[in-house]
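By letter and in written order, the chains are A, B, C and D; residue numbering begins at 1 in each of them.
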Amino acid sequence: MNPYLPYPARIDDIVVETEDGSLKTFRLVLEKDRDREAWTHVPGQFAMLSIAGKGEIPIGIASSPTEKGHLLFTVNRAGVVTTALHKMDVGDPIGVRGPLGNGFPIDSELKGKNIVIIAGGFAFTTLRATLIYMLENRADYGNITVVYGARTPGMLLYKEELDAWQRRDDLDVHITVDREAPGWTGLVGFVPTIAGQVKPSPENAAALICGPPIMIKFTMPPLEEVGWTDDQVYLSLENRMKCGLGVCGHCNVGPVYVCKDGPVFTRAQVQKLPIEF
Amino acid sequence: MPTKNESITQELRQKARHLLESGQVAAFLGYTSGSVPMVMKPFVARKPEDAERLEWNSFCVLNLANYLPPLLRSFEPPRRPNDPPPEGPLPKVGVAATGCWSRNMVVQVQENQMERERVVIIGISSRGMVDRKKVLNAVNHAEITSVKEEDNSLLVKGPGLEEEINRWDVIRDNCQTCVHPDPVIFDEMIGQLQGDRDIQDRFRQVEEIENLSAQDRWQWFTSEIDSCIRCYACRNACPLCYCPTCFVDDSRPQWVGKSREPVDTAIFHILRAYHCAGRCTDCGSCESACPMGIRMRILTKKLQKDVLDLYGTEAGMSIQQPLPLSTYKMDDPQDFVLTESFKGEKK
Amino acid sequence: MLDNKDFSAWLSRLSDSHDIYGPKKTRKGMLEWARLEGGQLPDPEPGVPKSSIKTFYFPQPETLFEFSARPKKEDAFRLHEPSRHQNPRLLIGVRPCDARSVVLNSMPYQEDPYFQENRRNTFLLGYACSQGCSTCFCTWTGGSPVGQDGLDILAFLLEDGLVLEPVTERGEELLEKAGSARDLTRAQEQKVDEIRQKAPASLPEEMEPAPRLREKELMALYDAPFWQELSDSCINCGTCTFLCPTCYCFDIQDETLRGRGRRIRYWDSCMFPLFTLHASGHNPRGEKIKRVRNRFMHKLKYFPDRFGPLSCVGCGRCVRDCPVNIDIRQVMKELLAI
Amino acid sequence: MNDKAKNQKDWEPKIIAFLCNWCSYAGADLAGVSRYQYPPSLRIVRVPCSGRVSANMILDALRSGADGVLVSGCHPGDCHYISGNYYARRRFAVLKNFLEFIGIEPGRVNFSWISASEGEQFAEVAKEVTSRVKKLGPARHLVKEF
């Protein structure tokens, strides 16, 4: 079994997520029955997407393992590979290598806990996977609170699902945008501010926080104020990755490899590392 | 009786200490010795007492100008690319400079990599630096554990080895053919200026290759670079190579493969050298830094020769004189242009 | 015991079925790996060749697979692994430090099919060092100038030939084909014993830094003040990394050429700013000091924390060839003093 | 291109021609409109100015398998950007010598000035460059292979 060989896959559907077109969600289907059946992942894991002649990029898996038959990846257009990917059409061939990394501890530490999901911008992707998974296994978790924000209403991901989640009564959802916008009737304010207003209780709880470093930095003080500790907070790190197997050396932060030991770490773990992420 | 370099060392320490003590500079950039004979460590003295660690000898082969722009930036308040430059005078840095190093500083000023006002240059007229590889060849690659330097000789010792080598025999090729050993800009001098040297065959190495057939030249070029491990020591030792993203690292488009394959290695060396055209001062840093003994300096020397032949100028001789490839004349030679040679034929 | 003539004859026979390499002096006078043919012997110079043996395990570049370079066409991801039919390789004159690097590199490369296949396919006949060089320090890193780690056969060079000791089973099988081995004379036996005893003594005293560094607190080492001076002199080139036998980081890239493509991996260095640069422009190790520190911390702290030993075999190549004389021995001492 | 194709008698070289938008590209256009015959070996890349053409681009063409390169711009004095071709002239003079110094055959990399009105001239240059490159045979030195 050669871990460097991608599974052949095909683009099954493409959704333009944001108003500026910089984020698209790709629905991929593995071509071989064998690969499709063998595929299993944990929310929070990622995979390497391969475009022949362009290269590979690590992308968080946005679909939950409970969504069978396909994989979702929400991709920001940034470098060589993502730009090429954004130019691709439904039906185009693509390679998938993975799943890689550890994922959120959905079946261990998080089980039975109240869950607080805090996300900013396009870092929501693997948290979407987590949320879908938890909703499918609703009884395994306590209260679920979601705080999700983007710069503008048009930059929010998964808009239809957000609407559906807001209507559920077993879910406490707070969607916010940075500034007032025409037609927006929801919350206005940065994610840390809203998280401070929501004041989630740390009692038997875990927080999963994904977003730009600056958002994470300012989200922590209001949480700490109400008693959250670093080992209750789960973060997902992003570093440049190449092999995804903990060999090539690109993604190390001190002694850990983000691709293999992570990308999910508790904040307590992260605090012990050099700030190289 | 101290040797010339010992005297220079003393004076350098004294001047550096004074600059640091008086607060004229925030740091002084020089050399200190390390753990391996014949390899010196570029060293930043930040406190007056650090000045005592400065040393000057014939093994100061890397061009200190290479360190200047980043060192100066390290004393500036952090800012983002589009932020305005900070107000008020910024801390200065002192630096020792020979002829070629000072000329590279001129180029850096011309290319807006640093400001002349922010460096205090202690000029040293160069007596030439020693090529470690020549010394190793002289003792047939025996192990050397210590080298003692006199004004005109090196006493080389190792297990079962004790040999006196004539210093000039092992001076680097670029220093042997150096015409301008004196610093062209400086604030203070150590010792005297010696004036331009009269070198008859300064381009001999280049001419030898020019005289080969195209096929033999290609043979020479490829065999010269075939041991390249693509470590980029030549590039990183070069004060001209300051691009935030080097062409070898460009990904859109990717100009050159990054692995150790002959074509990619060749293109790397061609473009690296070519990017130095009209800017290179023949300081020899690239060659001295190369762990594999590649004489890539011959490439830049060829460019230097042609620029001199065609446009009559050399890089870094004065801040006022524009770099030869950043300027032009209406009547620059153009026999190489096809349509011009047609004209010639028609006449 | 084989005399040089028999040794050469044996190599000559082996070269029908094996690709044989050994250190030879180049025209520029440096010792470098070269293909040995027709019973040629390696040059018996002391010390390690310029390049390490990692290029045999971790070629520059290694083709991971090939594909059609038409990303939007049907056949884009019909991958084929490169054909890797090659003769077994025999490396002669490997120094014990280099041989040990293969063992260390195997730890992170445990599940790497390319590396492991190269390992299976490469036989190492080592030469014990009778004398350390001034830049050698294998005894500091858990190795020995007469060490066997990673070797298939260990040889002691005597004036009139070599004493060959099998280390692995496959080494023994190879040796069986050597034939015409003579029994050791008393004097030869004594000479081998003498090398075994005196060689380690010619090197710096053992100091077992690995366990001591493992005990130290990571961030205390990370925040040590001496990194600044180190980074002041460093030019951030890849000389140390690329000559180092235990630097194994790589980059992966697709190359395309007239409709064909291949995915290759090739050496990369944590000294290069691009190594950690995100597509967004953010760079976790954007400053030189962080990169310099990372290389040493990886070798001396991160790797030992993960796998036990240092990721360094004390071959001294980086010490010998660093253009600015950054010396890992001094870094070790600085770290141990914290 | 594989060796088999290269050995064929009817080998036609591939020549990358970097033509400036304002003069040489228009000149090439005029050559076509005026029905001047020239060999089909040129692959034209339109660039804003001959000053835009860097050594990187020329070497990239060779690396990708071009048998020859032509860079053509406005006549000195006619540059749309006043001085682009003057700078280019210095750079190319040095580059051409340098490539020959490392063993690239003279005639692989060529430069010319062709104005928008010189259609015939363009055809002539195209013929000349093609015949030079044909004489040299397929490029091998800097062609990437795997």
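The rule is simple: contacts are C-beta pairs under 8 Å (C-beta built on N, C-alpha and C of every residue); 3 or more make two chains touch, one makes a residue touch a chain.
Because the structure is predicted, anything quoted here is derived from the model rather than measured.
**Student:** With contacts counted as defined, which of the two, A-C or C-D, has more C-beta pairs across the interface?
**Tutor:** Here the pair linked by more C-beta pairs in contact is A-C.
**Student:** State, to the nearest whole Å, the distance from the C-alpha centre of chain A to the C-alpha centre of chain C.
**Tutor:** The computed centroid separation for chain A versus chain C comes out at 39 Å.
**Student:** Chain A to chain B: how many Å between their CA centres?
**Tutor:** About 49 Å separates the centre of chain A from that of chain B.
**Student:** From the mean C-alpha coordinate of chain B to that of chain D, what's the distance rounded to whole Å?
**Tutor:** Once rounded, the distance between the two centres reads 35 Å.
**Student:** Residues of chain B that contact two or more other chains, please.
**Tutor:** In chain B, the residues touching two or more other chains are 257, 261.
**Student:** For chain C, which residues are shared contacts with two or more other chains?
**Tutor:** Residue numbers touching two or more other chains: 251, 253, 255.
**Student:** On chain A, where are the residues touching two or more other chains?
**Tutor:** Those would be 79-80.
**Student:** For this structure, enumerate the chain pairs that meet the touch criterion.
**Tutor:** According to the stated criterion, the contacting chain pairs are A-B, A-C, B-C, B-D, C-D.
**Student:** Applying the document's contact rule, which stretches of chain B touch chain C when the two form their complex?
**Tutor:** Counting only chain B, the residues touching chain C are 34-36, 39-44, 62, 66-67, 70-71, 133, 136-137, 140-141, 143, 145, 158-159, 227, 229-233, 235-237, 245, 249, 257-261, 288-289, 291-293.
**Student:** Show me the residue ranges of chain A that touch chain B in the complex, using the header's touch definition.
**Tutor:** 79-80
**Student:** Could you please specify the touching residues of chain B with respect to chain D in the complex?
**Tutor:** So the residues of chain B touching chain D come out as 206, 209-210, 214-222, 247, 253, 255-257, 261, 263-264, 266-267, 270-271, 273-275, 277-278, 299, 302-303, 306-307, 310-311, 324-330, 332-334, 336-340, 342.
**Student:** What residues on chain C touch chain D, complex-wise?
**Tutor:** 63, 255, 257-258, 260, 262
**Student:** Inside the complex, what are the residues of chain C that reach chain A?
**Tutor:** 64-65, 67-74, 76-79, 81, 108-109, 111-114, 218-219, 222, 248-254, 256, 261, 263, 265, 268, 270, 275-280, 284-285, 290, 294, 297-298, 301-302, 305-306
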